[in-house]
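What follows is a set of structures to go through.
In what comes next, chain A is part of two complexes: it sits with chain B in the first one and with chain C in the second one.
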Partner chain A sequence: MSYSAAKNSQMQKKLRQEAKALLEQGKVDCIIGYEPGSLKHATTPLITKDKAATERLVINPFIVNNLSNFLPYTKGRIGIVAKGCDSRSIVSLIQDNKVKREDLFILGVPCSGLIDVSKVEALVGKYRDEIDDISRQGDIITVKVGAAKKEFSLSQVMFDNCLACELPTPAEYDVLLGEPTSPIGAAAESAGKLDELKAMTAAQRWAFWQNEFRRCTRCYACRNVCPACYCKRCFVDETEPQWLAPMPQEPDNLMFQIIRNLHVSGRCTDCGECERTCPVNIPLRALTRDMYDIVDELFEFKSGMDTKTQPLLTAYEVDEAEDLVK
Partner chain B sequence: MTQDSEWEPRLLGLLCKWCSYAGADLAGTGRKKYPANIRIIKVPCSGRIDPLLIVKALRLGFDGVLVSGCHPGDCHYQTGNYRARRRLAITRKFLEGMGVDPRRLRATWVSASESGKFVEVVSDLVKDLKEIGPNELFGGKKQPDAEKAKTGS
Partner chain C sequence: MADSKKVRKEDLAGLLTEWSRDYAVLAPSRADGVARMAAWDGEDISFLDWYRNTINPVKSLFLPPVEEMFSISRNERGHRIELPPKDDTGCLVFGVRPCDARSLILLDVVFEDAYEDPYYLDRRRRSIVVGLCCTNPCDSCFCTSVDSGPAATAGMDIMFTDIGDNLLVEGISRKGKELVAGNATLAKATRTDENRARKIRLAAEKKITRKIDTGDSKERLLAVFEDESFWQQVSAKCVSCGVCTLLCPTCYCFDINDAMTGGEGSRCRSLDSCAFSSYTKMPMENPRADKWRRVRNKLCHKYEFYPMLFDNIACTGCGRCIRLCPVNWDITQVLDSLPAKHESKI
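Now for the complex of A and B:
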């Protein structure tokens, strides 16, 4: 289904009604959704028990956060707004026994892709505040700055992981707020960095990552925002033995990210939150996407597709990956 | 490559307690000679090996890592080595994608009676590592035991 603003506002209306009814009937203890952010063209998570607050819930092309990140830390029964990618993270958490399916009421949003405001900023050469309006009709994004108006295609302004999205409509939901949508299907245009890296020699690739991680401050935002990183005690916080020096330095930064990726393998759904949150813009999706492809190639496993599937690293087949062992 | 004639690769062996460690032990009691480049850590099961241990070894400057467990079907805990295999396959492929030579991580199955195979695997890995050259991935930091030897503590 093609995107239109009218359909979107219908979806938003339905969400507000549903959310309010859920709280009134006591079916859930709280609602996790999105409300308008303090910045232009942005949203912020809304976690509320207040029926009146459901009027603030929004659905628009800027609902970027993966809200499933809150689930392991939120008590009671939860009504959660989930796009396709978020639903996969939720399913992954259910597989890991971190949340119970019966404690959740999933308000599924058939997603048509999200707009990357930083891409728009780069295209029009203006900051977020200076852009008056970003609107979408069908497959055209119109950006207004003062009297000037510019049009862009989806592949120019959508998030890379939205272009490569395989599941825009949630696979797991209790209520679907609109008609199912189909993938944008522009994976080839989104793999930019990874393709570039694959064309390099091994030494060049390693040098590339060394260079990238030189500016990492090890703020751990990528870990904190990741729905798959829910360990109460992360290996980076351990002191006996201490795996990493506390001071951010390139070799340890790099090691941290390698291990983080290996630890979330088979649970990472390539939602792109780590790359979005990175304050120094390290292209982390080139790593998560690579891991996603490796897991698929070796074990034909796609994370977060079905609540009944066993988590990748707790299962095994007798005859697999045999060429690994000599 | 910065190989001088004195350079010898160092490798870390993570060997399962039930099979491979006993296999290495048997090589010793059988007076078989294997390269002294390997430093061995005994682990309860190959399924215990977190990729963290492997990457940490590379971070410390080991030139290669050998992971060895029981043959499929022979695991003391039934399934530990199958789980290890999955994890190792992912680890090796991912490291390769980042630019690490996949030959630096070797996985093998050695039973308690296969001392000959253990000797073979270690010799082969040392040969490979000599070809690849020293590990300078993480700045080629000195290993703790090398530092200790210098300070004499």
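Now for the complex of A and C:
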């Protein structure tokens, strides 16, 4: 179904009703959703027990956070708003016994893709707060700056991971807030950085990544927004023995990310949060998406598709991936 | 604005080249896709068009994300400790925004307080801070609520203001006035230039609509300190990453680690963040194992403890913590939501 603002506001209305009813009937202890952010074209997570606060819940093309990240740290029964990618993370957390399915009420959002404001900024040569309006109708995104108006296509302004999304409508949910959506199906258009890197020699790639990670601040936003990174004690904090230098320096910055990427392999759902939140714009998705594709190629495994499948790294079949061990 | 000078924009590169003879000149760059202060390349002044502020605050030039304090090597008689080689070149940082310039004043008192920190102070004392008045502040900026503003000069040696074809140049500190005086590239500014600057500054100040009342924030924080439910609610969506602290112009907490192999190596200090659960981890316990305690600490450090010690709020309203936060946690909303003193339970 094509996107329209009217359908979206219907979905939002339904969400507010459902969320309020869940709290009123005591079916959940809290709601995790999105409310308008304090910046333009932004939302912020809303974690609330307050019935009245459900009136602030929103669904729009800026609901970027993968809210499943909060599940392992939130007590009680939870009503959670989930887009397709988020639902895959939720399923992955259920598979890993980090959260119980019966404690969740999943308010599924059939997603039509999210707008990457940094792409819009680059296209119109203005900063987020200088852009007056970004709206979507069908497959056209209209951006207004003052009296000027420009139109863009989905592949120009959607997040790369949205262009490559395979499951926009959650497979796991308790209520679906709208009609199912289909994938944008523009994976090829989103693979720019990855293709560029694959065309390089190993030495060139190494040089590229070393340069990128030189500006890493080790803020760990990539890890802390990742639902697959739920370890109580991260390897990077180990001191006896110390795995990596705890300070921002090369090659430790890059090593941290490589190890993190290996750790989340088979659980990463390509939600794109690591790359989005990196304050110094390191193209992290080029690493995670490559791992995602490798996992799929070697094991025919896509994480978080259904709760019945065993997690990739706990299941083994004798005839699988023979050429891994030579 | 008395004795102010001006320079034509096309002559700015020439002026910076002149200064490059005596100083390592740094200027805003986005060579690697991220706005930051970097060694000026000798010609590019395009930042005048695109630059609003850097991602990394100016503190990172004086309190770098990581630095060697001393090296440790081995010889026949034991270990030898050496300080890093001293660099005598001073740096001239061009284009520092008023919020970042102010942050240096707030950091100076910390590194001069109990004892003099040679690493920070040495770099600071050899530096010239050339400010650039804000003409296009962001919607996340709230400098006017914390004793600053788009045209504030605190912490600057010289201030530039973009007035169209020219930049107005004002010497602020003694060092700055000396640099400006007698410089042949600079012409005397006219009354019209100064009036134009005044108008531009006023317009910039009007653009800052994010305002909070910080008058009694210290007392309100103290009053709500033990209200766990308030802090639980405030911190719920925080993901405990280090973005808002590591990239804050006034956060100065650091950690010290040894980088050693085979008994040789170096002792380094690097920025730490109170958002991390390991921040105050001690052998027996961690007094801030809970997220809400860490969020409280961050806020109280800036708006309560620091003001008690140094009579200033340790926040310059640069808005980075709002702009860069993965979840759009907004310090101004939290400060606004602090209960008035008399409403608190305690």
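Simple rule for what comes next: the second predicted complex is superposed on the first by the 325 of 326 C-alpha atoms of A that agree within 3 Å, B and C clash if a C-alpha of one lies under 4 Å from a C-alpha of the other, contacts with A are read in each partner's own complex, and residues count from 1 in each chain.
The working rule: contacts are C-beta pairs under 8 Å (C-beta built on N, C-alpha and C of every residue); 3 or more make two chains touch, one makes a residue touch a chain.
As the structure is a prediction and not an experimental result, all values here were calculated from the model.
Novice: In the superposed model on chain A, is it clash or fit for chain B and chain C?
Specialist: Taken together on chain A, chain C would fit alongside chain B, as the superposition shows.
Novice: Touching A:294 in the superposition: chain B (first), chain C (second), both, neither?
Specialist: first
Novice: Pick one for A:204: touches chain B only (first), chain C only (second), both, or neither.
Specialist: first
Novice: Which partner does A:309 reach: the first (chain B), the second (chain C), both, or neither?
Specialist: neither
Novice: Answer with first, second, both or neither: which of chain B and chain C does A:221 touch in the superposed model?
Specialist: The answer is second: A:221 touches chain C but not chain B.
Novice: Mind working out whether A:10 is in touch with chain B, chain C, both or neither, as first, second, both or neither?
Specialist: neither
Novice: When the two structures are overlaid on chain A, which partner does A:318 contact: first (chain B), second (chain C), both, or neither?
Specialist: In the superposed model, A:318 contacts chain B only, not chain C.
Novice: Quick check on the superposed pair: does A:258 touch chain B, chain C, both, or neither? Answer first, second, both or neither.
Specialist: Touch status of A:258: first partner only.
Novice: Given the overlay on chain A, how many degrees, to the nearest 10, lie between chain B and chain C at the CA centre of chain A?
Specialist: For this superposed arrangement the angle is about 90 degrees.
Novice: Tell me which partner A:156 touches in the superposition: chain B (first), chain C (second), both or neither.
Specialist: Touch partners of A:156: none, neither chain B nor chain C.
Novice: Once both structures are aligned on chain A, how many angstrom separate the closest C-alpha atoms of chain B and chain C?
Specialist: 5
Novice: Show me the chain A residues, by the header's touch rule, that chain B contacts in one structure and chain C contacts in the other.
Specialist: Shared contact residues on chain A (touching chain B in one complex, chain C in the other): none at all.
Novice: Would you mind writing out the residues of chain B in touch with chain A in their complex?
Specialist: 51-52, 55-56, 59, 72-73, 79, 82-83, 85-101, 106-109, 121, 137-139, 141
Novice: Of all residues in chain A, which touch chain B in the complex?
Specialist: Residue positions touching the partner: 197-198, 200, 202-209, 235, 243, 250-252, 254-255, 258-259, 261-263, 265-266, 287, 290-291, 294-295, 298-299, 312-318, 320-321, 324-326.
Novice: Going by the contact rule set out above, which residues of chain C touch chain A in the complex?
Specialist: 32-34, 36, 52, 55-56, 65-66, 138-140, 236-237, 239-243, 246-247, 255, 257, 259, 268, 270-271, 273, 276, 278, 322-324, 326-330, 332-333
Novice: For the complex, which residues does chain A have touching chain C?
Specialist: So the residues of chain A in touch with chain C come to 37-40, 42-47, 65, 69-70, 127-129, 211-212, 215, 217-221, 223-225, 237, 245-249, 273, 276-277, 279-281.
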